[in-house]
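For clarity, chains are labelled A, B, C and D in written order, and residue numbers in each chain start from 1.
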Amino acid sequence: MKIGLIGFGKTGKSVASILLENEKFSLEWVLRQSKVLENRSVSEFFGVESDKPGLIYSSSKTSIEELLDKHPVDVIIDFSSDNGIYTYGEIAAQKNVKIISAISHYKEKELKFLEKLSKKTTVFWSPNITLGVNYLLFAAKFLKKIAPWVDIEVNEEHFKTKQGTSGTAVKIAEALDVDRENINSVRAGGIVGKHEVIFGFPFQTVRLIHESISREAFGNGVIFVAENLKGKDKGLYNFEDILTPYFTV
Amino acid sequence: MKIGLIGFGKTGKSVASILLENEKFSLEWVLRQSKVLENRSVSEFFGVESDKPGLIYSSSKTSIEELLDKHPVDVIIDFSSDNGIYTYGEIAAQKNVKIISAISHYKEKELKFLEKLSKKTTVFWSPNITLGVNYLLFAAKFLKKIAPWVDIEVNEEHFKTKQGTSGTAVKIAEALDVDRENINSVRAGGIVGKHEVIFGFPFQTVRLIHESISREAFGNGVIFVAENLKGKDKGLYNFEDILTPYFTV
Amino acid sequence: MKIGLIGFGKTGKSVASILLENEKFSLEWVLRQSKVLENRSVSEFFGVESDKPGLIYSSSKTSIEELLDKHPVDVIIDFSSDNGIYTYGEIAAQKNVKIISAISHYKEKELKFLEKLSKKTTVFWSPNITLGVNYLLFAAKFLKKIAPWVDIEVNEEHFKTKQGTSGTAVKIAEALDVDRENINSVRAGGIVGKHEVIFGFPFQTVRLIHESISREAFGNGVIFVAENLKGKDKGLYNFEDILTPYFTV
Amino acid sequence: MKIGLIGFGKTGKSVASILLENEKFSLEWVLRQSKVLENRSVSEFFGVESDKPGLIYSSSKTSIEELLDKHPVDVIIDFSSDNGIYTYGEIAAQKNVKIISAISHYKEKELKFLEKLSKKTTVFWSPNITLGVNYLLFAAKFLKKIAPWVDIEVNEEHFKTKQGTSGTAVKIAEALDVDRENINSVRAGGIVGKHEVIFGFPFQTVRLIHESISREAFGNGVIFVAENLKGKDKGLYNFEDILTPYFTV
């Protein structure tokens, strides 16, 4: 599967490194705003050997049309920012290139745009694209269905400098109808990122815990999504849509 | 719902105490082998007030036919032992009384007998009838389907005197195709019972943890099962059969 | 060692049951306000056999002087309430009977009274008399000394109906100079009581966790304290005074 | 404090990166066997700016005498291998340079050599030089003194490819007199390194948990040790010797 990556910030880099290692994927190019690293290759940047092209382009000099013409891809993966989608969305949809967006915070406007694009191509969006967090959310919602009366609290732990409540924790709480005040946040050194959902039943508890040790976890999420979008029709998909079919296998 | 309870050992007692508190259930009687406590009532035994009958009978003096004639029930719940089922099975099936068995270790012979009974009435069997453990097993199997290549280990912790590996841990490991040597057992004071399934993905982990603080947890499992067997046709059911429909709600 | 117990509420009962089982201690009597259970024995109450007297007296009929004259003890253990100390304090001190008080909330006045009594006899007070919690506090303070700059947060989990922040968690936080807002409280079914101190260092964490599964944990704390007060001079002691000597052994 | 580093493998590099960031330390040089990176500087290698020299030398071309003459240091830190100590030990001791060795597995011969060196200079050795693990060991031994009868088990979790039982877990178990079979090892993706000591008391548990998220944790251990060796006389020290004085402060 041929991949084009939009964005090359911290997370973009981690995802690129995972794609580079995976034999089923070929990272054709990276498109980013900044001119830093322009025309260097991803493999060179990481100091590894690879026969995959993975050249880094700056959107200030190279247009997405040009890129897709010269180096066509099956899927575009977006780890840039809110408005990155406007750079490549229309063209990708026209050319029937699949879109996987991992942008955390879209506004109404971007969501509508995604929907419009999904009329023409396969579009996937997840604000947290790790497999573990999405499984946790899925499994937690299922338990809430089984026992709607259960006590639920959400704990999240992150590195000291993380500001505000974790967006993922908020999303989990909303999905489970848990009050914001029942989200407990720990901030301390030596922690990367942890989410825990505690279900309190009479005389027993169930805990679902997800822990990340690095941003590379996003890369494996992307791979899981890309593989599961194979053969999927045009339309707008989220992680739940991808997990549900496994249930009936 | 009218309930008859077979067995009044430690777990039977805990289950009886939970049934007594629950308004939707009426504990009609307890049938046990021993003559101890004969003709006393469950509420008197626990020192609580209750308008539910809950008289304790010994099978050495009172037959199940007599009991079911004088004090008919909708469901028989079995916390006795392997061969308890032979005491009441045939009669219960004839009279179309539902059977919920929580016996941990049935042999081939008993399983065949259950199947025979299930031709005539609704029969449910679970070797561990807590909601939490069964949810854990269900959710873990689902995650294994999503990511069959994931690393899995099972940890279990129990009170110091518990002999051998926990049967529930063995069942979990078998369901997930985990080697016996990847079950880790801790035995120490101050612990009731804990099961943990660790899923190791690249750069992230998911942990499912169940913890019991007392045998009363079985009582709530019984209630959950009894409520979910309402309206179920004759046939043999297990916990998975009961959980699956929630998925599609 | 001969013991007199003041108070026979939930915790008093649990402590009595532990004392009854321990060969090194003889529970001589229980003194309580209420007349319920008067003149019955503790062993009868628990339905166990024991050759220890353990008769239950009501302070409305029997005075402490009378009790100490007829049934002298080495130690008085107080699980009653704030002002229980006034019932027996003076007399116990006069007779050089040791006092172990496990009352959670004393006011200034009671603390002064304890100090006064400690001029005449050995007095011990701990608002949470479990060995585990006190060890945790001790070990946490030590780590804070080693690394005063470490990030610290306190998590506590208790049963759903527990009101307000756990007093033990508050005490831990104060001892470690942790802000009240860095105490996280979880309230849910299926939990007895858990306290966790998280220390976040660069690239590593240390967690100290204490978990109780029942009130009987207090009984073992009492036994530990009583054994460690042997041979101690008159004076006012707390748990730290008792733990420190082990360090130098 | 001026530092010379012996060894520049994975851990050596992580330690160097931490030393580079710390204002109190000046990394004067690195001495390694390999000629790779010779004459480059540590700051250049990490792509950061720094006014600290930190030049990388190969022991095949540059002798320790020469290095210490031209670039004298206060402390030599050894993250090389078993026999690294023979390269620099004598000279360092002669010149009264302190030695901090973090080599995991010394044999009898090296330990004797360390002792010999400690007659002339301050020598410190710890097979695991993180602050957290050493604190854990210290606190666990203290709890074992308080309650020698407590049930103890050790859990350790590491990345999938780690062979054999963790050396640190073995060391903890030995210090606590815990049988090897009571060490439980989990190996799975998404885990860096975790050690847990479980203490089971009647009705309560205490757990001490240490978790690392990267090798940089060793760097902070080195800094802690170096600062605490200031003003220490010649002699052979371990981590316990350094932690004990904090107790009495």
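Points worth noting:
Simple rule for what comes next: a contact is a pair of C-beta atoms (placed from the backbone, for glycine too) under 8 Å apart; a residue touches a chain by one contact, two chains touch by 3 or more.
Here the structure is a predicted model, which is why all the values come from computation and not from measurement.
Between chain A and chain D, the least number of touching-chain steps is 1. Taking each chain's centre as the mean of its C-alpha atoms, the one that lies farthest from the centre of chain D is B. Averaging Cα coordinates per chain places chain B and chain D 51 Å apart. If you average the CA atoms of chain C and of chain D, the two centres end up 41 Å from each other. Contact of a single residue of chain B with at least two other chains is seen at positions 190-191, 199, 201-205, 211-213, 217. Contacts from chain C toward chain A in the complex involve residues 150-153, 155, 157, 160, 184-191, 198-205. Contact residues of chain C toward chain B in the complex are 190-192, 211-213, 217.
Looking at the complex, you find that chain C touches chain D at residues 18, 130-132, 135-136, 139, 142-143, 145-147, 199, 201-217, 219-220, 224, 243, 246-247, 249.
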